[in-house]
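Take a look at these structures.
First chain A sits with chain B, and in the next complex the same chain sits with chain C.
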Partner chain A sequence: MTAQAVEQRELAVVIGLEVHVQLETATKIFCGCSTRAAEDEEPNSRTCPVCLGLPGALPVLNEGAVEAAVKIGKALSADIPEQTTFHRKNYYYPDLPKNFQLTQYDAPICANGSIEISVEGTRREIGITRAHLEEDPGSLQHKGGSIDTADYTLINYNRAGTPLVEIVTEPDFRSPAETRAFLAKLEEVLEYLGVFDPTRDGSLRVDANISLVDADAIDADGGISADALESANRTEVKNISSHKGAEKALAYEVTRQRNAIQRGRAVEQETRHWDESRGITVSMRSKEEEKDYRYFREADIPPLAVSDWKERIPIPELPDARRDRFQTEYGLDAESASKLTSTKEVADFFEDVAESFDPDLAATWVADNLLGELNYRDMAITDVADRLDEFTRLIELVDAEEVTTKNAEEIVLRSMLDDGDDPDTIIDREGLGKADDDEIVGFVEAAIDENPDAVEDYHDGEDGALNFLVGQVMQKSRGSADPGTANQVLREQLDG
Partner chain B sequence: MSTNAFITEETIEPDGDGPLSELTVAVKDNISTAGVTTTCGSAMLEDYVPPYDATVVSKIKAAGGTIVGKTNMDEFGMGGTTETSAFGPTENPAAPGHVPGGSSGGSAAAVAAGEADVAIGSDTGGSVRNPAAFCGVVGIKPTYGLVSRYGLVAYANSLEQIGPLANTVEDAARLLDVISGPDGNDGTTNDGGADSAYAAAADGEIDTLTVGVITDLLEGADDRVVDVFDDRIDALEAAGATIEEVSLDSLEHAVQAYYVIAMSEASSNLARFDGVRYGTSGGSDGNWNESFAAAREAGFGPEVKRRILLGTYALSAGYHDKYYKKAQDARAWVKQDFDEAFESVDVLASPTMPVLPPALGESLSDPLQLYLMDANTVPVNLANLPAISVPAGTADDRPVGLQLIGPKFGEETIIRAASAIER
Partner chain C sequence: MYLWSIETLTLRARLLHCMSESSVDGEAVKHVAELARIELDDEDVAEFAEQFDEILSYFDALDEVPAVDSETELVNVMRPDEVESSLSQVEALANAEETEDGYFKGPTVS
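What follows is the complex of A and B.
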């Protein structure tokens, strides 16, 4: 094939993902050690004979981890087996206390699921081959250099035994953007399920398999034949830790592979490392031996019957369904519904407010005002989780016209977030209680007295005059007057 | 030579009172004792001091037992003579100049020599019953899941159980009463033995008992062993038991299946001994694999290396189905054969060992002969069943043991039958 001919080929991208998610359980998957990293904790302090793999120690399955995985399975519309078992994956690596990893092999806790994503208006269904439970290894710290050049390496087993779910997709992605959308969606679902804490370091780790095939090997639905997939050399990209990182790493890899093919070179089948800081993938240069993990059943963990767990374990309404419901039930537009379902906490709070107040008012206050001010301060609703009743109180005050919307937004809410006070305290302190009608009449009379020119202009039919006078009334009331009332009283006085 | 029953002689005081008060207990050196070296008979763990007690050790201490030391054993339990220990062989007190059996040879020898009242060992393919038979003491291999393995350094974890050794059936049963029961630290334990009273079952009452003699396990046995065995079976019949002959076709595959499974599991269980935390460091030059290999080359003896290599091979891609999977099929068949046999008999009987104790050094050069010595004991481990070895007499001044096998959690029945043989 000439280089000319090669250039003519239209190429299509084929990507499959393996996503490792740390489950948010209180204890590790096979022992009672905490999964929560304390700040500045000593290395190897959060360990016991089991997660250190001491001779004679035995794993005891944390059923909480299995429950979390079943929730994920339900959210992915996956099959849950009759019973689930664990296998040993045997390989030597210094971060692995037993030199084998406990994982699942032929009876994973979830199989045959899917997630629907939408990229630029196109909906695509991504198949989930399987999701299985396993234990996280410890972590290595290379001192005095990189993995190849370090003087020595320290091992910290605090992470060892943290429960992981590995979610394996079908090779269904046709662009790096789709992987990003998938990972964002997955993260959203996992958060809704309450099984995942994105703020934990290393809580989401992604490996991607990527190859380029002839475009005509892809059918109209984005499907690809097994033959075409098999014949293309692929690379495995490791060390991706975010959905943004996935898109960047894979975009880089698409370009790199396309360049190679267009120059008539074969893409080498290899493992590559995503270097986030340099924005490139680099070959791991390790000799790719045929990996033989010598899997076999772990007899220390008896089979666990889980056939009825899918029915037994409830999961909350998922983001997509909730978004749709918010539009129909509360009459919200798509954008508000989307904002209000961005996290489960926000959606729960909105529904709590919407139960007592007008849904439009609730939507404006939660989606626009509260989230806007939080976002401006780089905060999330979880940062104010214990003050939600104070925000409800503020909305109540606005609803009862005890404070003007303007003051509530611009002074009270901001002060609540900046100073940590409750709304009643702030309103008292700032004297923002809404002016009553008598007070407004006083302000109106004063405004008329002090602005004879404006009064004259009003009578001459100048449009701006009334607004000017309303502004004067507002100023005198320090914002506590309701502009509508001020307007009405002014006209009564001027026309009367 | 001295008996060399112990690798470490160190007293661990009890922390409670109970059925073991006033008794001294020897503990096999693959069972973890907090603060006391636990070597597994291996140079690899020469300096390994566990930070925690095995569940059985906690239970012995709480029941008033005084632990007097850690007993010699074949390295990691891999052997039937206690000669593969990195700490030298143990001599059989009941047959001087001969091996004590193994792998719990030190535990059996300590009891036989009066250096401990009772002992615990572990039985992966016969490692309690074999030395009990050779040393002329009683040894029990409990049903898989009756006794916690937490703290037992694994050789082949799907097969092994911790079990008691003692001079009498009743003492062994008393120790079993203490160490048995579910344990939150071992997910394979269960309450199948609930409401059992093992020591009380040693009452010798067997007149309603049907005993099945496994003819397959007599065929390859030494005539001198079979003669002693037959005498005891005749005595049982005279005492009122009903005797039947039973043949189990699957047993001819048991030894092969056992060794494939045990070695496969061992290759994984012993992987953690890589010189990073145990044994002599393999050095920090070169890559990790070279360092690990050097540490393992230095730390393991030849029998352990042989079993790790064979086990790794049996699990490898391309051989897994031919060996490991086939062995699992054979294991299922053995289980099924036993289940069927127990539909018509209460206990099954065979000689514990098909041979008399070999002389020290006699058999070490031929691993295959040693593996075949396990023919009568390994089927029990494959089927997760309970069995007891009880002294049946002697031949050529060497002890002969009789094995009684019970159905799952049928410990009381085999203890009762064994106590009748003992009388």
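What follows is the complex of A and C.
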């Protein structure tokens, strides 16, 4: 094919992902060392003979990690096979103290699942080929330079042995934007399951396989033939650590491959490293081929037969289902339902509030006021998890008209977040308790005395005068007067 | 033990398959050495090729072993997700040849 002909080709993007997820267990996958890094912990202070790979140590599988994997399998509508086994993946690199990684090979714990995503109104089903359990390696520091120019390497095995689930998708993505939507959805589901903490550093790591094929190789449903896939050279992009990073890295890679093809050059089949700070992918020295890993069964880990756990282990209602239910059960619009199901904690809190108060009031307070103010302060609901009863109390005070909505939003809620006080304390301190009628009469009399011009204007029939006087009353009451009552008392005094 | 033998045989079959002949040549030795990050000169390569051949031939003996019953395999051997005490940093580093600031220290990698 000539370069001229190549330029005419319409190209389609084909992407598949491998997502490594750190599981939220208390201990490592094959030993009882804690997975929680203390602040400023010392290197190599959370290790034992198993995760250091000392001779004769016996790894024993963590039941919690298996449960988490089964939950993930259920959430992905995947099969949990009758039997699943562990293998050694052999390679020499010092992040593995044993010179092999304990992982799963031909019998992973989850197979044949799917996740539905929606990008710009188009729904796509992304196939999940498999998900398997494995151990995280330790972490390396390249001293005196970058990975290529360093003088020596320092190794910390505290992370070694942290349980990971590697989720492998079918090559079903047709754009970088779809991968971003998928990762956001996956993270949301994993959070709901309570098996994943996105705030942990490096808790989600992504590798992506990407190739460009002739657009006519893609059928109407976005499917692609095995032949077309096989004949296109693909690159594997490593070192992606966020949704946004995935979209950026893959957009870069699409452009790079498209340029190569349009200039009549072949795309080299290779592994590339995403350099986040420079915003480019760079070629990595080619690594081992799969056969070089010399996978073989780990004789120290007997097989698992946990397909029946699928029935036994419950999982919570997942975000999509909950979103739909919030719309029908509470009559919320799509946007509020979506905000209120963004995390499980928010959804649980909303339902808790909606049980005692009007759902619209609950939705406004949780979705708009609370989340809005938290967001403004770069906080999440998890940061105030132990104070949720105080927010319920504030909603109760608003509902009982003990404080005006305006004061509750603008003074009490903000002070609760900024100063850490409870709502009753703030209302007392600021004198925000709703003014009673006697107090309002006092404010009205003062407003009339101080503004004779406005009173005259009112009697001359000027519309704005009454509003001005109501404003004066509100100001004197520091917002604690009910505007309707103020209006009424003013009229009585002025007309009477 | 039965299980182990099967794995070893499979490994050998794979090794032989990837070399597509029955004796170990220099290229195979160099490849295995590279995977193990070991540098070999030509003399070493010739010596190891011979030794590999010899070692692999030992496995032929297994072909003579009659079929034996395997032990019933265990399933679902797991431990509860409960924290146990770890080694101290000093203990963890006790066998290391070189350390720095609580880290294991090693040569550059890439």
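Just so we're on the same page, the second predicted complex is superposed on the first by the 479 of 496 C-alpha atoms of A that agree within 3 Å, B and C clash if a C-alpha of one lies under 4 Å from a C-alpha of the other, contacts with A are read in each partner's own complex, and residues count from 1 in each chain.
Assume a contact is a pair of C-beta atoms (placed from the backbone, for glycine too) under 8 Å apart; a residue touches a chain by one contact, two chains touch by 3 or more.
Predicted model only: the values in this text are computed from it and were never measured.
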Chain C versus chain B on the shared chain A, clash or fit after superposition: clash
Residue contacts on chain A - larger count, chain B or chain C: C
Touching partner for A:Phe100 - first (chain B), second (chain C), both, neither: first
Which superposed partner A:Asp358 touches (first chain B, second chain C, both, neither): neither
Touching partner for A:Tyr152 - first (chain B), second (chain C), both, neither: both
Which of chain B and chain C A:Gln141 touches, first, second, both or neither: second
Partner chain(s) touched by A:Ala299 [first = chain B, second = chain C, both, neither]: both
First (chain B), second (chain C), both or neither touched by A:Ala57: first
First (chain B), second (chain C), both or neither touched by A:Tyr92: both
Touching both chain B and chain C, residues of chain A: 49, 54, 60-61, 90, 92-94, 152, 155, 292, 294, 296, 299, 301-302
Contacting residues of chain A [partner chain C, same complex]: 25-27, 31-34, 42-49, 52, 54, 60-66, 83, 90-94, 140-142, 147-148, 150-157, 285, 288, 291-292, 294, 296-297, 299, 301-306
Contact set on chain B toward chain A in their complex: 30-32, 38, 40, 45, 48, 50-52, 54, 149-154, 157-158, 184-188, 264-265, 267-268, 271-272, 274, 276, 278, 284, 288-289, 292, 312, 315-317, 320, 324
Residue numbers on chain A that touch chain B, as the complex places them: 49, 53-61, 88, 90, 92-94, 97-100, 152, 155, 290, 292, 294-296, 299-302
Partner chain A, residues of chain C touching it in the complex: 3-4, 7, 10-11, 14, 18, 31, 35-37, 73-89, 92-93, 95, 100-110
